[in-house]
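Just below sit the structures, each encoded as C-alpha coordinates.
Note that subunit A is present in both complexes that follow, paired respectively with subunit B and with subunit C.
For the complex of A and B:
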(Lines of atoms letter the chains of each structure in order from A and count residues from 1; the text may use other names and numbers.)
(Lines give C-alpha, C1' and ligand atoms only; values in the text may rest on other atoms or scores of the structure.)
Protein backbone atom coordinates (compact mmCIF):
# COMPACT_ATOMS: atom_id res chain seq x y z
CA UNK A 1 0.00 0.00 0.00
CA UNK A 2 1.58 3.24 -1.11
CA UNK A 3 0.62 6.38 -2.95
CA UNK A 4 0.56 4.49 -6.19
CA UNK A 5 -1.99 1.93 -4.92
CA UNK A 6 -4.42 4.76 -4.17
CA UNK A 7 -3.86 6.01 -7.70
CA UNK A 8 -4.45 2.54 -9.17
CA UNK A 9 -7.68 2.11 -7.19
CA UNK A 10 -8.98 5.49 -8.35
CA UNK A 11 -7.97 4.74 -11.94
CA UNK A 12 -9.96 1.49 -11.81
CA UNK A 13 -12.98 3.52 -10.67
CA UNK A 14 -12.48 5.99 -13.50
CA UNK A 15 -12.30 3.11 -15.97
CA UNK A 16 -15.51 1.62 -14.58
CA UNK A 17 -17.36 4.93 -14.86
CA UNK A 18 -16.09 5.32 -18.39
CA UNK A 19 -17.60 1.94 -19.27
CA UNK A 20 -20.90 3.07 -17.71
CA UNK A 21 -20.78 6.25 -19.77
CA UNK A 22 -20.11 4.21 -22.94
CA UNK A 23 -23.10 1.97 -22.21
CA UNK A 24 -25.32 5.00 -21.54
CA UNK A 25 -24.17 6.44 -24.86
CA UNK A 26 -25.04 3.15 -26.54
CA UNK A 27 -28.47 3.13 -24.86
CA UNK A 28 -29.18 6.70 -25.92
CA UNK A 29 -27.95 6.14 -29.47
CA UNK A 30 -30.12 3.04 -29.83
CA UNK A 31 -33.23 4.45 -28.16
CA UNK A 32 -35.17 3.89 -31.40
CA UNK A 33 -33.35 0.88 -32.85
CA UNK A 34 -35.85 -1.80 -33.80
CA UNK A 35 -33.52 -4.29 -35.49
CA UNK A 36 -30.55 -6.06 -33.88
CA UNK A 37 -28.30 -8.97 -34.81
CA UNK A 38 -29.97 -11.18 -32.18
CA UNK A 39 -33.44 -10.15 -33.44
CA UNK A 40 -36.03 -7.80 -31.99
CA UNK A 41 -35.48 -4.27 -30.72
CA UNK A 42 -32.32 -3.13 -28.90
CA UNK A 43 -32.30 -3.96 -25.18
CA UNK A 44 -30.97 -1.57 -22.57
CA UNK A 45 -27.44 -2.52 -21.35
CA UNK A 46 -26.15 -2.07 -17.82
CA UNK A 47 -22.67 -2.75 -16.43
CA UNK A 48 -22.12 -4.96 -13.38
CA UNK A 49 -19.32 -3.76 -11.11
CA UNK A 50 -17.32 -6.19 -8.92
CA UNK A 51 -14.43 -5.66 -6.55
CA UNK A 52 -11.04 -6.93 -7.63
CA UNK A 53 -7.87 -7.63 -5.67
CA UNK A 54 -5.12 -5.05 -5.78
CA UNK A 55 -1.68 -6.43 -6.70
CA UNK A 56 0.15 -6.63 -3.37
CA UNK A 57 3.04 -4.19 -3.20
CA UNK A 58 4.55 -5.88 -0.16
CA UNK A 59 6.29 -3.84 2.49
CA UNK A 60 5.50 -3.76 6.14
CA UNK A 61 1.89 -2.66 5.61
CA UNK A 62 1.46 -5.19 2.80
CA UNK A 63 -1.38 -7.02 4.63
CA UNK A 64 -3.42 -3.81 4.40
CA UNK A 65 -3.52 -4.27 0.63
CA UNK A 66 -6.28 -6.84 1.28
CA UNK A 67 -8.54 -4.08 2.56
CA UNK A 68 -8.16 -1.98 -0.57
CA UNK A 69 -10.21 -3.16 -3.52
CA UNK A 70 -10.16 -2.21 -7.16
CA UNK A 71 -13.41 -2.05 -9.09
CA UNK A 72 -13.84 -3.80 -12.40
CA UNK A 73 -16.67 -4.30 -14.85
CA UNK A 74 -17.32 -8.03 -14.61
CA UNK A 75 -20.33 -8.20 -16.91
CA UNK A 76 -22.68 -6.24 -19.12
CA UNK A 77 -26.28 -7.35 -18.78
CA UNK A 78 -29.31 -6.63 -20.94
CA UNK A 79 -32.33 -5.17 -19.13
CA UNK A 80 -35.02 -7.90 -19.01
CA UNK A 81 -37.90 -5.37 -19.15
CA UNK A 82 -40.27 -5.98 -22.09
CA UNK A 83 -39.95 -3.68 -25.12
CA UNK A 84 -42.03 -0.51 -25.28
CA UNK A 85 -45.02 -0.99 -27.63
CA UNK A 86 -45.87 1.94 -29.83
CA UNK A 87 -48.74 2.16 -32.29
CA UNK A 88 -47.31 3.00 -35.72
CA UNK A 89 -48.90 0.92 -38.51
CA UNK A 90 -46.75 2.50 -41.23
CA UNK A 91 -43.50 1.41 -39.58
CA UNK A 92 -41.79 -1.43 -41.50
CA UNK A 93 -41.35 -3.41 -38.24
CA UNK A 94 -44.99 -3.05 -37.13
CA UNK A 95 -46.75 -6.30 -36.20
CA UNK A 96 -50.19 -7.46 -37.45
CA UNK A 97 -52.01 -5.08 -35.10
CA UNK A 98 -49.86 -2.07 -36.09
CA UNK A 99 -47.69 -2.03 -32.95
CA UNK A 100 -43.91 -1.57 -33.10
CA UNK A 101 -41.66 -3.06 -30.39
CA UNK A 102 -39.34 -0.22 -29.41
CA UNK A 103 -36.26 -0.58 -27.13
CA UNK A 104 -37.02 -0.65 -23.38
CA UNK A 105 -35.18 2.63 -22.91
CA UNK A 106 -36.43 5.51 -20.83
CA UNK A 107 -34.61 8.68 -21.84
CA UNK A 108 -35.02 10.27 -18.39
CA UNK A 109 -33.47 7.23 -16.73
CA UNK A 110 -30.54 7.30 -19.17
CA UNK A 111 -29.93 10.98 -18.52
CA UNK A 112 -29.88 10.32 -14.78
CA UNK A 113 -27.39 7.46 -15.31
CA UNK A 114 -25.26 9.72 -17.46
CA UNK A 115 -25.12 12.46 -14.84
CA UNK A 116 -24.38 9.88 -12.12
CA UNK A 117 -21.49 8.45 -14.15
CA UNK A 118 -20.14 11.88 -14.92
CA UNK A 119 -20.30 13.00 -11.27
CA UNK A 120 -18.69 9.75 -10.10
CA UNK A 121 -15.91 10.30 -12.63
CA UNK A 122 -15.43 13.84 -11.38
CA UNK A 123 -15.15 12.67 -7.78
CA UNK A 124 -12.53 10.13 -8.89
CA UNK A 125 -10.54 12.86 -10.63
CA UNK A 126 -10.74 15.02 -7.49
CA UNK A 127 -9.53 12.11 -5.35
CA UNK A 128 -6.67 11.46 -7.78
CA UNK A 129 -5.67 15.11 -7.64
CA UNK A 130 -5.60 15.05 -3.87
CA UNK A 131 -3.48 11.87 -3.82
CA UNK A 132 -0.96 13.58 -6.11
CA UNK A 133 -1.11 16.67 -3.92
CA UNK A 134 -0.37 14.52 -0.84
CA UNK A 135 2.62 12.97 -2.58
CA UNK A 136 3.92 16.43 -3.53
CA UNK A 137 3.38 17.70 0.01
CA UNK A 138 5.33 14.80 1.48
CA UNK A 139 8.17 15.69 -0.89
CA UNK A 140 8.49 19.06 0.86
CA UNK A 141 9.70 17.16 3.93
CA UNK A 142 12.96 16.62 2.08
CA UNK A 143 13.52 20.24 1.15
CA UNK B 1 33.85 6.49 12.67
CA UNK B 2 33.96 3.69 10.14
CA UNK B 3 31.11 5.36 8.29
CA UNK B 4 32.98 8.64 7.97
CA UNK B 5 36.10 6.86 6.73
CA UNK B 6 34.02 5.11 4.11
CA UNK B 7 32.70 8.45 2.97
CA UNK B 8 36.21 9.92 2.73
CA UNK B 9 37.46 6.97 0.73
CA UNK B 10 34.64 7.56 -1.73
CA UNK B 11 35.21 11.28 -2.14
CA UNK B 12 38.94 11.82 -2.21
CA UNK B 13 39.93 10.33 -5.57
CA UNK B 14 37.80 12.88 -7.37
CA UNK B 15 34.45 13.43 -8.95
CA UNK B 16 34.87 10.92 -11.80
CA UNK B 17 34.41 8.11 -9.29
CA UNK B 18 30.76 9.10 -8.98
CA UNK B 19 29.95 8.38 -12.61
CA UNK B 20 28.37 4.96 -13.21
CA UNK B 21 30.63 4.19 -16.17
CA UNK B 22 33.85 4.15 -14.15
CA UNK B 23 32.64 1.85 -11.39
CA UNK B 24 29.98 -0.73 -10.58
CA UNK B 25 27.19 0.59 -8.36
CA UNK B 26 27.49 -2.32 -5.91
CA UNK B 27 31.27 -2.53 -5.69
CA UNK B 28 31.03 -1.90 -1.95
CA UNK B 29 34.08 0.32 -1.93
CA UNK B 30 32.30 2.85 0.23
CA UNK B 31 31.24 5.39 -2.43
CA UNK B 32 28.01 6.05 -0.55
CA UNK B 33 27.09 9.31 -2.31
CA UNK B 34 27.39 7.87 -5.79
CA UNK B 35 25.51 4.75 -4.77
CA UNK B 36 22.68 6.72 -3.20
CA UNK B 37 22.27 8.69 -6.42
CA UNK B 38 22.44 5.62 -8.63
CA UNK B 39 19.85 3.79 -6.52
CA UNK B 40 17.48 6.76 -6.66
CA UNK B 41 17.99 7.03 -10.42
CA UNK B 42 17.14 3.32 -10.87
CA UNK B 43 13.90 3.81 -8.92
CA UNK B 44 12.83 6.53 -11.35
CA UNK B 45 13.65 4.68 -14.56
CA UNK B 46 10.72 2.23 -14.42
CA UNK B 47 7.97 4.89 -14.02
CA UNK B 48 9.63 6.98 -16.75
CA UNK B 49 9.62 4.04 -19.16
CA UNK B 50 6.02 3.16 -18.24
CA UNK B 51 4.89 6.74 -18.84
CA UNK B 52 6.64 6.83 -22.22
CA UNK B 53 4.99 3.50 -23.13
CA UNK B 54 1.56 4.75 -22.02
CA UNK B 55 1.90 7.93 -24.08
CA UNK B 56 2.97 5.91 -27.14
CA UNK B 57 0.03 3.52 -26.68
CA UNK B 58 -2.41 6.40 -26.38
CA UNK B 59 -1.11 8.46 -29.31
CA UNK B 60 -1.00 5.38 -31.56
CA UNK B 61 -4.54 4.46 -30.61
CA UNK B 62 -3.60 1.18 -28.88
CA UNK B 63 -5.09 2.42 -25.60
CA UNK B 64 -8.10 4.70 -25.34
CA UNK B 65 -7.64 5.34 -21.68
CA UNK B 66 -6.77 8.96 -20.96
CA UNK B 67 -6.75 8.49 -17.20
CA UNK B 68 -4.39 5.49 -17.31
CA UNK B 69 -1.99 7.44 -19.52
CA UNK B 70 -2.07 10.50 -17.31
CA UNK B 71 -1.73 8.36 -14.20
CA UNK B 72 1.49 6.88 -15.63
CA UNK B 73 2.73 10.40 -16.40
CA UNK B 74 1.81 11.54 -12.89
CA UNK B 75 3.65 8.56 -11.34
CA UNK B 76 6.72 9.40 -13.40
CA UNK B 77 6.46 13.03 -12.32
CA UNK B 78 6.19 12.11 -8.63
CA UNK B 79 9.13 9.72 -8.78
CA UNK B 80 11.18 12.28 -10.72
CA UNK B 81 10.47 14.92 -8.07
CA UNK B 82 11.44 12.32 -5.48
CA UNK B 83 14.74 11.73 -7.26
CA UNK B 84 15.45 15.46 -7.41
CA UNK B 85 14.66 15.83 -3.69
CA UNK B 86 16.92 12.90 -2.79
CA UNK B 87 19.66 14.22 -5.09
CA UNK B 88 19.50 17.65 -3.48
CA UNK B 89 19.82 16.07 -0.06
CA UNK B 90 22.74 13.89 -1.14
CA UNK B 91 24.59 16.84 -2.69
CA UNK B 92 23.89 18.88 0.43
CA UNK B 93 25.30 16.09 2.63
CA UNK B 94 28.37 15.86 0.38
CA UNK B 95 29.00 19.61 0.68
CA UNK B 96 28.48 19.38 4.43
CA UNK B 97 31.25 16.76 4.62
CA UNK B 98 33.53 18.82 2.36
CA UNK B 99 33.12 21.81 4.69
CA UNK B 100 34.36 19.76 7.65
CA UNK B 101 37.99 20.47 6.82
CA UNK B 102 37.50 24.21 6.41
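For the complex of A and C:
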Protein backbone atom coordinates (compact mmCIF):
# COMPACT_ATOMS: atom_id res chain seq x y z
CA UNK A 1 0.00 0.00 0.00
CA UNK A 2 1.69 3.19 -1.09
CA UNK A 3 0.70 6.60 -2.38
CA UNK A 4 0.18 5.15 -5.82
CA UNK A 5 -2.32 2.51 -4.62
CA UNK A 6 -4.34 5.31 -3.05
CA UNK A 7 -4.25 7.25 -6.31
CA UNK A 8 -5.38 4.22 -8.27
CA UNK A 9 -8.27 3.58 -5.87
CA UNK A 10 -9.40 7.20 -5.95
CA UNK A 11 -9.20 7.21 -9.75
CA UNK A 12 -11.45 4.16 -9.92
CA UNK A 13 -13.97 5.94 -7.66
CA UNK A 14 -13.90 9.02 -9.86
CA UNK A 15 -14.49 6.88 -12.94
CA UNK A 16 -17.45 5.17 -11.29
CA UNK A 17 -19.03 8.49 -10.29
CA UNK A 18 -18.58 9.75 -13.83
CA UNK A 19 -20.53 6.73 -15.12
CA UNK A 20 -23.28 7.53 -12.59
CA UNK A 21 -23.35 11.12 -13.81
CA UNK A 22 -23.63 9.95 -17.42
CA UNK A 23 -26.52 7.65 -16.56
CA UNK A 24 -28.28 10.43 -14.66
CA UNK A 25 -27.84 12.65 -17.70
CA UNK A 26 -29.32 9.91 -19.86
CA UNK A 27 -32.26 9.52 -17.46
CA UNK A 28 -32.93 13.26 -17.46
CA UNK A 29 -32.63 13.54 -21.22
CA UNK A 30 -35.01 10.64 -21.77
CA UNK A 31 -37.60 11.63 -19.17
CA UNK A 32 -40.24 11.80 -21.92
CA UNK A 33 -38.97 9.20 -24.40
CA UNK A 34 -41.76 6.82 -25.34
CA UNK A 35 -40.03 4.81 -28.02
CA UNK A 36 -36.88 2.72 -27.51
CA UNK A 37 -35.06 0.03 -29.46
CA UNK A 38 -36.21 -2.64 -27.00
CA UNK A 39 -39.81 -1.38 -27.28
CA UNK A 40 -41.92 0.66 -24.88
CA UNK A 41 -40.89 3.77 -22.99
CA UNK A 42 -37.33 4.42 -21.79
CA UNK A 43 -36.53 2.77 -18.46
CA UNK A 44 -34.47 4.49 -15.78
CA UNK A 45 -30.85 3.23 -15.74
CA UNK A 46 -28.74 2.75 -12.62
CA UNK A 47 -25.11 1.67 -12.31
CA UNK A 48 -24.12 -1.25 -10.07
CA UNK A 49 -20.83 -0.73 -8.25
CA UNK A 50 -18.68 -3.66 -7.14
CA UNK A 51 -15.29 -3.88 -5.49
CA UNK A 52 -12.35 -5.00 -7.59
CA UNK A 53 -8.93 -6.23 -6.66
CA UNK A 54 -6.07 -3.77 -6.88
CA UNK A 55 -3.29 -4.91 -9.19
CA UNK A 56 -0.66 -6.35 -6.88
CA UNK A 57 2.37 -4.10 -6.74
CA UNK A 58 4.42 -6.94 -5.34
CA UNK A 59 7.18 -6.54 -2.85
CA UNK A 60 6.36 -5.63 0.70
CA UNK A 61 3.06 -4.08 -0.30
CA UNK A 62 1.48 -7.19 -1.79
CA UNK A 63 -0.27 -8.47 1.35
CA UNK A 64 -1.42 -4.97 2.37
CA UNK A 65 -2.85 -4.26 -1.08
CA UNK A 66 -5.40 -7.02 -0.52
CA UNK A 67 -7.16 -4.82 2.01
CA UNK A 68 -7.59 -1.95 -0.45
CA UNK A 69 -10.31 -2.35 -3.06
CA UNK A 70 -11.00 -0.53 -6.28
CA UNK A 71 -14.55 0.26 -7.32
CA UNK A 72 -15.81 -0.85 -10.69
CA UNK A 73 -19.07 -0.42 -12.55
CA UNK A 74 -20.01 -4.06 -13.06
CA UNK A 75 -23.41 -3.55 -14.59
CA UNK A 76 -26.02 -1.04 -15.67
CA UNK A 77 -29.52 -2.11 -14.74
CA UNK A 78 -32.91 -0.85 -15.85
CA UNK A 79 -35.28 0.18 -13.06
CA UNK A 80 -38.15 -2.38 -12.98
CA UNK A 81 -40.70 0.18 -11.73
CA UNK A 82 -43.79 0.43 -13.98
CA UNK A 83 -43.99 3.37 -16.41
CA UNK A 84 -45.83 6.55 -15.49
CA UNK A 85 -49.25 6.67 -17.17
CA UNK A 86 -50.24 10.04 -18.53
CA UNK A 87 -53.53 10.87 -20.16
CA UNK A 88 -52.89 12.23 -23.65
CA UNK A 89 -55.26 10.70 -26.22
CA UNK A 90 -53.72 12.63 -29.12
CA UNK A 91 -50.27 11.09 -28.55
CA UNK A 92 -49.40 8.50 -31.25
CA UNK A 93 -48.30 6.05 -28.51
CA UNK A 94 -51.52 6.36 -26.50
CA UNK A 95 -53.31 3.10 -25.66
CA UNK A 96 -57.03 2.36 -26.16
CA UNK A 97 -58.00 4.42 -23.10
CA UNK A 98 -55.89 7.40 -24.20
CA UNK A 99 -53.06 6.80 -21.71
CA UNK A 100 -49.40 7.11 -22.73
CA UNK A 101 -46.74 5.03 -20.94
CA UNK A 102 -44.00 7.51 -19.99
CA UNK A 103 -40.57 6.60 -18.57
CA UNK A 104 -40.45 5.71 -14.87
CA UNK A 105 -38.33 8.74 -14.11
CA UNK A 106 -38.72 11.01 -11.14
CA UNK A 107 -36.97 14.30 -11.86
CA UNK A 108 -36.38 15.07 -8.19
CA UNK A 109 -34.72 11.70 -7.66
CA UNK A 110 -32.48 12.27 -10.68
CA UNK A 111 -31.46 15.71 -9.48
CA UNK A 112 -30.54 14.25 -6.08
CA UNK A 113 -28.51 11.52 -7.79
CA UNK A 114 -26.75 14.12 -9.86
CA UNK A 115 -25.80 16.17 -6.80
CA UNK A 116 -24.59 13.05 -4.97
CA UNK A 117 -22.46 12.00 -7.93
CA UNK A 118 -21.03 15.46 -8.28
CA UNK A 119 -20.20 15.73 -4.54
CA UNK A 120 -18.65 12.25 -4.55
CA UNK A 121 -16.52 13.28 -7.52
CA UNK A 122 -15.43 16.44 -5.75
CA UNK A 123 -14.46 14.51 -2.63
CA UNK A 124 -12.44 12.13 -4.79
CA UNK A 125 -10.61 15.05 -6.36
CA UNK A 126 -9.90 16.46 -2.89
CA UNK A 127 -8.62 13.10 -1.70
CA UNK A 128 -6.40 12.81 -4.78
CA UNK A 129 -5.02 16.28 -4.17
CA UNK A 130 -4.18 15.44 -0.58
CA UNK A 131 -2.47 12.18 -1.55
CA UNK A 132 -0.32 14.03 -4.09
CA UNK A 133 0.47 16.66 -1.47
CA UNK A 134 1.44 13.96 1.04
CA UNK A 135 3.73 12.31 -1.48
CA UNK A 136 5.32 15.63 -2.29
CA UNK A 137 5.73 16.45 1.40
CA UNK A 138 7.43 13.10 1.95
CA UNK A 139 10.10 14.22 -0.51
CA UNK A 140 10.98 17.19 1.68
CA UNK A 141 11.62 15.01 4.74
CA UNK A 142 14.92 15.80 6.38
CA UNK A 143 15.38 19.11 4.62
CA UNK B 1 33.92 3.17 -4.12
CA UNK B 2 32.44 4.24 -7.39
CA UNK B 3 30.75 7.41 -6.30
CA UNK B 4 29.24 8.29 -9.67
CA UNK B 5 27.68 4.88 -10.32
CA UNK B 6 24.46 5.71 -8.58
CA UNK B 7 23.98 8.78 -10.75
CA UNK B 8 23.71 6.76 -13.95
CA UNK B 9 20.96 4.70 -12.32
CA UNK B 10 19.15 7.89 -11.38
CA UNK B 11 19.58 9.15 -14.92
CA UNK B 12 17.92 5.99 -16.25
CA UNK B 13 15.13 6.53 -13.73
CA UNK B 14 14.52 10.08 -14.96
CA UNK B 15 14.73 8.97 -18.62
CA UNK B 16 12.18 6.27 -18.01
CA UNK B 17 9.67 8.52 -16.30
CA UNK B 18 10.10 11.17 -18.98
CA UNK B 19 9.50 8.61 -21.71
CA UNK B 20 6.55 7.15 -19.77
CA UNK B 21 5.04 10.61 -19.47
CA UNK B 22 4.88 10.72 -23.25
CA UNK B 23 3.10 7.38 -23.42
CA UNK B 24 0.61 8.31 -20.68
CA UNK B 25 -0.03 11.72 -22.21
CA UNK B 26 -0.78 10.02 -25.50
CA UNK B 27 -3.35 7.85 -23.68
CA UNK B 28 -5.04 11.03 -22.51
CA UNK B 29 -5.06 12.55 -25.98
CA UNK B 30 -6.64 9.37 -27.31
CA UNK B 31 -9.41 9.32 -24.70
CA UNK B 32 -11.96 9.87 -27.51
CA UNK B 33 -10.31 7.83 -30.25
CA UNK B 34 -12.46 4.82 -31.15
CA UNK B 35 -10.65 1.52 -30.88
CA UNK B 36 -7.62 2.98 -29.09
CA UNK B 37 -6.02 0.65 -26.55
CA UNK B 38 -4.29 2.32 -23.58
CA UNK B 39 -0.52 1.87 -23.45
CA UNK B 40 2.11 1.86 -20.75
CA UNK B 41 5.87 1.73 -20.66
CA UNK B 42 7.31 -1.22 -18.79
CA UNK B 43 10.57 -1.11 -17.01
CA UNK B 44 11.43 -4.24 -15.08
CA UNK B 45 14.70 -5.76 -16.19
CA UNK B 46 16.13 -2.33 -16.93
CA UNK B 47 15.42 -1.23 -13.36
CA UNK B 48 17.15 -4.33 -12.06
CA UNK B 49 20.27 -3.52 -13.99
CA UNK B 50 20.09 0.15 -13.15
CA UNK B 51 19.95 -0.61 -9.45
CA UNK B 52 22.62 -3.24 -9.65
CA UNK B 53 22.37 -6.56 -7.96
CA UNK B 54 21.38 -6.49 -4.34
CA UNK B 55 22.91 -9.31 -2.37
CA UNK B 56 20.45 -11.22 -0.24
CA UNK B 57 22.17 -11.87 3.06
CA UNK B 58 19.36 -13.98 4.46
CA UNK B 59 16.87 -16.32 2.79
CA UNK B 60 14.03 -14.67 4.73
CA UNK B 61 14.58 -11.26 3.11
CA UNK B 62 11.98 -10.05 0.64
CA UNK B 63 12.90 -9.09 -2.89
CA UNK B 64 11.13 -6.68 -5.28
CA UNK B 65 8.95 -9.56 -6.42
CA UNK B 66 7.48 -10.13 -2.95
CA UNK B 67 8.32 -12.68 -0.28
CA UNK B 68 9.17 -15.28 -2.87
CA UNK B 69 10.56 -12.93 -5.50
CA UNK B 70 14.17 -12.72 -6.46
CA UNK B 71 16.25 -9.81 -5.23
CA UNK B 72 17.23 -8.84 -8.76
CA UNK B 73 18.16 -11.09 -11.56
CA UNK B 74 21.31 -9.16 -12.34
CA UNK B 75 20.62 -9.42 -16.05
CA UNK B 76 22.62 -6.71 -17.76
CA UNK B 77 19.49 -5.54 -19.56
CA UNK B 78 19.69 -2.60 -21.91
CA UNK B 79 18.88 0.50 -19.82
CA UNK B 80 17.11 1.94 -22.84
CA UNK B 81 15.02 -1.23 -23.14
CA UNK B 82 11.67 0.20 -22.17
CA UNK B 83 8.87 -1.34 -24.10
CA UNK B 84 5.40 -0.06 -24.79
CA UNK B 85 2.66 -2.52 -23.85
CA UNK B 86 -1.14 -2.49 -24.09
CA UNK B 87 -2.65 -2.22 -20.63
CA UNK B 88 -6.38 -2.43 -21.07
CA UNK B 89 -8.74 -4.16 -23.37
CA UNK B 90 -11.22 -2.02 -25.21
CA UNK B 91 -14.69 -1.79 -23.70
CA UNK B 92 -18.12 -0.93 -25.06
CA UNK B 93 -16.87 2.16 -26.85
CA UNK B 94 -13.90 0.24 -28.24
CA UNK B 95 -11.63 2.68 -26.41
CA UNK B 96 -9.34 1.42 -23.67
CA UNK B 97 -8.66 4.74 -21.94
CA UNK B 98 -10.28 5.44 -18.58
CA UNK B 99 -9.93 9.14 -18.11
CA UNK B 100 -9.42 9.31 -14.34
CA UNK B 101 -7.09 6.36 -14.29
CA UNK B 102 -5.00 7.92 -17.02
CA UNK B 103 -4.88 11.24 -15.11
CA UNK B 104 -3.84 9.44 -11.91
CA UNK B 105 -1.10 7.64 -13.81
CA UNK B 106 0.23 10.91 -15.16
CA UNK B 107 0.35 12.44 -11.64
CA UNK B 108 1.88 9.30 -10.12
CA UNK B 109 4.50 9.25 -12.84
CA UNK B 110 5.29 12.88 -12.19
CA UNK B 111 5.67 12.18 -8.46
CA UNK B 112 8.06 9.32 -9.15
CA UNK B 113 10.05 11.56 -11.49
CA UNK B 114 10.21 14.28 -8.84
CA UNK B 115 11.33 11.76 -6.24
CA UNK B 116 14.13 10.63 -8.53
CA UNK B 117 15.20 14.22 -9.17
CA UNK B 118 15.14 14.92 -5.43
CA UNK B 119 17.37 11.91 -4.75
CA UNK B 120 19.74 13.05 -7.51
CA UNK B 121 19.81 16.55 -6.04
CA UNK B 122 20.68 15.23 -2.59
CA UNK B 123 23.24 12.84 -3.99
CA UNK B 124 24.96 15.69 -5.83
CA UNK B 125 24.80 17.86 -2.71
CA UNK B 126 26.59 15.08 -0.85
CA UNK B 127 29.25 14.87 -3.56
CA UNK B 128 29.68 18.64 -3.49
CA UNK B 129 30.04 18.50 0.27
CA UNK B 130 32.75 15.88 -0.06
CA UNK B 131 34.47 17.67 -2.95
CA UNK B 132 34.62 20.97 -1.06
CA UNK B 133 36.14 19.31 1.98
CA UNK B 134 33.03 19.43 4.07
CA UNK B 135 31.96 22.80 2.81
CA UNK B 136 35.04 24.67 4.00
CA UNK B 137 37.11 24.45 0.81
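Assume the second predicted complex is superposed on the first by the 140 of 143 C-alpha atoms of A that agree within 3 Å, B and C clash if a C-alpha of one lies under 4 Å from a C-alpha of the other, contacts with A are read in each partner's own complex, and residues count from 1 in each chain.
The rule we apply is simple: a residue touches a chain if its C-beta (ideal position, glycine included) is under 8 Å from a C-beta of that chain, and two chains touch if they have at least 3 such contacts.
Small disclaimer: the values here were computed from a predicted structure and weren't measured.
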Putting subunit B and subunit C on the same copy of subunit A, do they fit or clash?
clash
Now for A:28: first (subunit B), second (subunit C), both, or neither, which partner does it touch?
neither
State whether A:128 touches subunit B only (first), subunit C only (second), both chains, or neither.
both
As a test of reading the superposition: which chain, subunit B or subunit C, is in touch with more residues of subunit A?
C
Tell me which partner A:139 touches in the superposition: subunit B (first), subunit C (second), both or neither.
both
Touch test for A:114: subunit B only (first), subunit C only (second), both, or neither?
neither
I'd like to know which partner A:7 touches here: subunit B for first, subunit C for second, both or neither.
both
Superposing the two structures on chain A, identify the stretch of subunit C from 59-67, 77-85 or 113-121 that clashes with subunit B.
113-121
Footprint overlap on subunit A, where subunit B in one structure and subunit C in the other make contact
3-4, 7-8, 11, 14-15, 18, 128, 132, 135-136, 139
Taking the touch rule as given, give the residues of subunit A at its contact with subunit C in the complex, in rising order.
3-4, 7-8, 10-12, 14-15, 18, 56, 58-60, 62, 128, 132, 135-136, 139
Within the complex, subunit A is touched by subunit C residues 62-67, 69, 98-101, 103-104, 107-108, 111, 114-115, 118
Given the complex with subunit A, which residues does subunit B contribute to the contact?
65, 67-68, 71, 74-75, 78, 81-82, 85-86, 88-89
Residues of subunit A touching subunit B in the complex:
3-4, 7-8, 11, 14-15, 18, 125, 128, 132, 135-136, 139, 142-143
